[in-house]
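What follows is a single structure, written as structure tokens, with notes after it.
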Amino acid sequence: MRTDNRRNNELRRTVITPHFLKHAEGSVLIEVGDTKVVCSASIEDKVPPFLRGTGKGWITAEYSMIPRATEQRTVRESSKGKISGRTMEIQRLIGRSLRSVVNLDLIGERTIWIDCDVIQADGGTRTAAITGSYVALVYAIIHLHNQQPFDVFPVTDFLAATSVGILKSKDMVLDLNYEEDSNAQVDMNIVMTGNGHFVEVQGTGEEATFTHEELLEMLALAKEGIQQLITIQKETLGDIAEKILQNKQ
Amino acid sequence: MRTDNRRNNELRRTVITPHFLKHAEGSVLIEVGDTKVVCSASIEDKVPPFLRGTGKGWITAEYSMIPRATEQRTVRESSKGKISGRTMEIQRLIGRSLRSVVNLDLIGERTIWIDCDVIQADGGTRTAAITGSYVALVYAIIHLHNQQPFDVFPVTDFLAATSVGILKSKDMVLDLNYEEDSNAQVDMNIVMTGNGHFVEVQGTGEEATFTHEELLEMLALAKEGIQQLITIQKETLGDIAEKILQNKQ
Amino acid sequence: MRTDNRRNNELRRTVITPHFLKHAEGSVLIEVGDTKVVCSASIEDKVPPFLRGTGKGWITAEYSMIPRATEQRTVRESSKGKISGRTMEIQRLIGRSLRSVVNLDLIGERTIWIDCDVIQADGGTRTAAITGSYVALVYAIIHLHNQQPFDVFPVTDFLAATSVGILKSKDMVLDLNYEEDSNAQVDMNIVMTGNGHFVEVQGTGEEATFTHEELLEMLALAKEGIQQLITIQKETLGDIAEKILQNKQ
Amino acid sequence: MRTDNRRNNELRRTVITPHFLKHAEGSVLIEVGDTKVVCSASIEDKVPPFLRGTGKGWITAEYSMIPRATEQRTVRESSKGKISGRTMEIQRLIGRSLRSVVNLDLIGERTIWIDCDVIQADGGTRTAAITGSYVALVYAIIHLHNQQPFDVFPVTDFLAATSVGILKSKDMVLDLNYEEDSNAQVDMNIVMTGNGHFVEVQGTGEEATFTHEELLEMLALAKEGIQQLITIQKETLGDIAEKILQNKQ
Amino acid sequence: MRTDNRRNNELRRTVITPHFLKHAEGSVLIEVGDTKVVCSASIEDKVPPFLRGTGKGWITAEYSMIPRATEQRTVRESSKGKISGRTMEIQRLIGRSLRSVVNLDLIGERTIWIDCDVIQADGGTRTAAITGSYVALVYAIIHLHNQQPFDVFPVTDFLAATSVGILKSKDMVLDLNYEEDSNAQVDMNIVMTGNGHFVEVQGTGEEATFTHEELLEMLALAKEGIQQLITIQKETLGDIAEKILQNKQ
Amino acid sequence: MRTDNRRNNELRRTVITPHFLKHAEGSVLIEVGDTKVVCSASIEDKVPPFLRGTGKGWITAEYSMIPRATEQRTVRESSKGKISGRTMEIQRLIGRSLRSVVNLDLIGERTIWIDCDVIQADGGTRTAAITGSYVALVYAIIHLHNQQPFDVFPVTDFLAATSVGILKSKDMVLDLNYEEDSNAQVDMNIVMTGNGHFVEVQGTGEEATFTHEELLEMLALAKEGIQQLITIQKETLGDIAEKILQNKQ
């Protein structure tokens, strides 16, 4: 039994509250256990220099934590005047993951800014950010669709993420909370689409290593969790989910 | 009648949700109309260099908005690598205001970090931040008190803040929302204690001026609003409010 | 009696030396007691992005102290690589104040840069900077006027600033020097126009509070001082003062 | 056939020149095809704050490219005043990988700084940096060993890295050069130890996805390449390799 | 004849006003024609890390221009957040020059901060800064001497600086003003001691070159000018000059 | 005899390896004793703002050291987020020197970026960088010439640099290595053209001074060294040297 009484292959309670922010084109609050992330998608009618004139759009992400999201207060990156390596890695991961399920040619020369602001952190903030901001992104694209309907809906599949890990006890567990994450020997983040394909596989031995067999077991455990997260996304999106399902056929 | 159907001397609906964050020693969510600010108070067992060895404590504040708190997405200050003048002014105002109602000699060589993170902005974020973070601060001091009771409770009075302004229509209004704030000719932020003393009076003619009579009218209007806010603070704090009331006698 | 033998309602000796810098369109040296500030106004033929194409001009201010203006050497902000909150507040205050007495529509798409460099500091540098840079600004607008006369002179009124405060001794004093400023319980900066209207009222209880009656007394004291400062401005400007007086009728 | 006439499972010519720098405790030049990286290991007799007093050591890495390592000149990060997200990711990856094969308790309170400076870039710079800096690190630890012999040699295994990917042509290839990397739909970096365990598995669908079967194939291909790289490391290290092999038994 | 009616070997009118700042241990205003520099010397009772515990002192310099010292307004380095290469070169030059005539062993573990703030610029600001800050430095050392007399006065000689150059007209001129400096093909700054030794010789062909003979002529011209500047320094210092002259014997 | 068995007027062994980098338009590795610098010249088809529309080109230089080029590891300037004064001085010196022997009107509106990256440092890195980057620059201009021949070859003369100094032993030596440089009382860097004209003369008494006679001796010693360096440049350039020699007639 895990410290929060979950089975090894059990996700934490996950709730996605849609339209959490008044101003954003798309937004949600995602809660994965005690981890809470506000995700918003904002549309800007221009693209980075390398895409100007190509007719293609872009999706980029920023990630931050409020200082007291964490057990000990974390110094603001705006006060330090620079963004940490950890933040940069997470931002790049979120942006890359979301771009893999959107046809950027269809959305036109626009940038969709994804903002993931962690209000409370208890492990798994980056995977919660991906799972939540996918839904915010879909709402923002629906916002575009309502202004001028797309012939083909630009979102090609569902997308969610979770973590798996091997604890010092050798237990292999799904969806690690902060305490587990601090004690994991191997830590893996997986991003997957609705049809079960991988978008990102990031496995790290933290001053440790892992075998081929362990890798396979972790991938299977993650897949199981991600399928449940995608079910929650579909329930949140309701009718909109149909547009994405049509694309998958 | 105002755009949101309020009378000129009417506050917006104000709700303070206590203990909003799991990890912080003190925290609230304050909602003033559509303005929502997460306020936390974090205790650190050291003080800035100028207070080391004096036995005296310190209270300092940081303020930030998540990018899509605003109607148009605001670029993160951490991305720009520097903090704007507006943010600095607000941070200094919050810290200074809170320090005026706490006996810093009593709290010992500790810093209380106040973090005000605006989740949604609709005008009056700095005054909401002061009103909310006062409550978060009291909870953090209660946290200290529970560990080792103070002989004299260090909080000397209640403290709340609101805005008043003169619109282009010449209407003088209390607690401006964003639309009103954008159209105000004179904008005033007032911070007051429970016994009706001023802590800060900041009145600004925005490319305009104001007369002595207008100043007096605005002060009276602000006082009325602040008394209501302090009533809400007392209701939120419940029994704890007694400790502060005893100090005031 | 005050430490420098002034009465409580007495300004320090104030001298404005016009045309202090060879290159600037407008410049003065203002001396308020031992406080000395070089103020210059520089005309640039473009405006910030938010005003482009509007035909409207802009006035913005920068403030700095040379390192040994102060009793203890102050580290340069250029060495630290960032501007302090105090500097930002002062810069914003100077710019906002000056904009309140200039019709920005009349000066065309130009920016007037106000630079206030404190050579020697003995309290009241921000109010001296406002009083002095008002004169530098008028000279710069006269420079424009001489190139191509304005139909209506863009400066609508005189403008000056001073401080008032309540010392620990409970004395209420006008135009605080550094020693008084360090000991003040309440500190107030007032910016006023020639016709006696307020532009800025910034009163701060420094870890203290103040009553309504004290506020009224301080405002009256400041008004008295500002009228004397405006008399000095008029003497400095000589004939040019007429242009501004005509606007006021 | 690939553009440089390699078979899909063929590494580029890899040469490790030991003792490339006069001053460093350990250093190599690694050439993987046209990719050339100077790797050095420098010993500093202190550790980061979180390890002080623990008796444990630390290994950290920095990565940079000279501006004209690349086809188009890259702006220096020192000129831009900040380090890119890509650089931070690579630095963290190198440090984490090397720490997984060193017993940090044995090296004492020392930091070993790994510097990877890319002189010429043709794809695979991060994996070349890991493979090369492993050897530089071993030399630096030998340097410590020669000053005062370790009872147990702190390096627990060999470590090397390579990339695999799926090109737009659907070919799955080992050790991608720059041209291939630019055209890859899936890009995977693998770090492995001498005994065939994984340290890092980082697979990314670049605006694409990949299946479970493709993942397995890529892992097998990487394993083959890494074994060859470890053979080259052993040849470079000569007798020193024995110390590591003893640890593995 | 030169544009300002000087002969080629004629210095501009040079005036040194001592004790220009109230707070500094040593200060002057130096005017060289229209170039005006406030120079101050501030004593701090600690030294940089590389001198701690050596008993030796340090002299370091900072240089800045107020924005409207120049014909066109110059953007503040504090606003840009970084110091230009030109400023750094000048700062290093001033510090190095002054250190050459002070016995740092005698002044004890103190840093003397030299601040050179250009109020008005018309060419030759760096050489004026050296000539002026030498005098400010002597005053600061006299300040130390008055607190506790030195057995041997730490200043070993006089020190002054000037510029020489070759104009496009091939005229070789002493003490270039801004207009001449902008048109010079060769520009040379010379720092010399009272006994005629060189401290710095910095000659630069600005997209041009110069011959051995031209170099010799320029050195002779500079020497002549510097001797006059040292005479002015001696007159300013009065009796204090004796202490330095005794050291030179 | 010097520590490395050279005579006082003897250069260190100097080798220039041309075409050291695959991608750059011009590049060399220059080795001066144990000092090794990679120099590259990169052509960009635009110029800085102050030259736009003038038809004139620009040459600018950047200089850096890899962290373990030095005996003790040097912190990266990209990690510190700012460039040191020393680096800025060197960058400006290299750019200025190279511009003195290129007719910038002839190369058109292009910038040639010179990058000097020190791989190993043993004194004299800035002079090695000038001598080496001159050759890289010539190759880059030949690259332009091959695309579209110049009527007049834009390089007007050869250019090389070396150092001379006076040691504490009073020995005057040519081409100081690091150990000598650390012990020099006077340090001089000279940049000269093929026809024996000066481009830069930078002599510095390091907390010391030097006489006119010593200056003349140092210049003569430097000239001797530079002539040998230019001979090595000519041998490296082979036939290309003819183009430059024709310009000199």
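Before moving on, here are some points about what is shown:
A, B, C, D, E and F are the chain letters, set down in written order, and residue numbers restart from 1 in every chain.
What we mean here is this: a residue touches a chain if its C-beta (ideal position, glycine included) is under 8 Å from a C-beta of that chain, and two chains touch if they have at least 3 such contacts.
The UniProt protein names, listed by chain, are A, B, C, D, E, F = Ribonuclease PH.
Only a predicted model underlies this, so the values are computations on that prediction, with no experimental measurement involved.
The chain with its CA mean position farthest from that of chain E (Ribonuclease PH) is A.
Remark: rotation between chain E (Ribonuclease PH) and chain F (Ribonuclease PH) after Cα superposition is 180° (nearest 5).
As for how the two copies chain A (Ribonuclease PH) and chain D (Ribonuclease PH) face one another, over half of their interface residue numbers coincide. Centre to centre, using the average C-alpha position, chain D (Ribonuclease PH) and chain E (Ribonuclease PH) are separated by 52 Å.
With each centre defined as the average position of its C-alpha atoms, the distance from chain B (Ribonuclease PH) to chain F (Ribonuclease PH) rounds to 60 Å.
One inter-chain figure worth recording: chain D (Ribonuclease PH) and chain F (Ribonuclease PH) are separated by 34 Å, centre to centre, where each centre is the mean of the chain's CA atoms. With touch defined as above, residues shared between interfaces to two or more other chains in chain D (Ribonuclease PH) number as follows: 81-82. Interchain contacts close the chains into one ring where each touches exactly two others, per the touch definition above.
Here the chains make one closed ring, and walking it from chain B (Ribonuclease PH) through chain C (Ribonuclease PH) gives B, C, E, F, D, A. Listed in rising order, the residues of chain F (Ribonuclease PH) touching chain E (Ribonuclease PH) in the complex are 82, 84-86, 88-89, 91-92, 96, 99-100, 104, 188, 193, 196-212, 215, 219.
Those residues of chain A (Ribonuclease PH) that touch chain B (Ribonuclease PH) in the shared complex are 21-24, 27, 34, 38, 40, 42, 44, 62, 64, 66-71, 73, 76-79, 81-83, 113, 115, 117, 119-120, 122.
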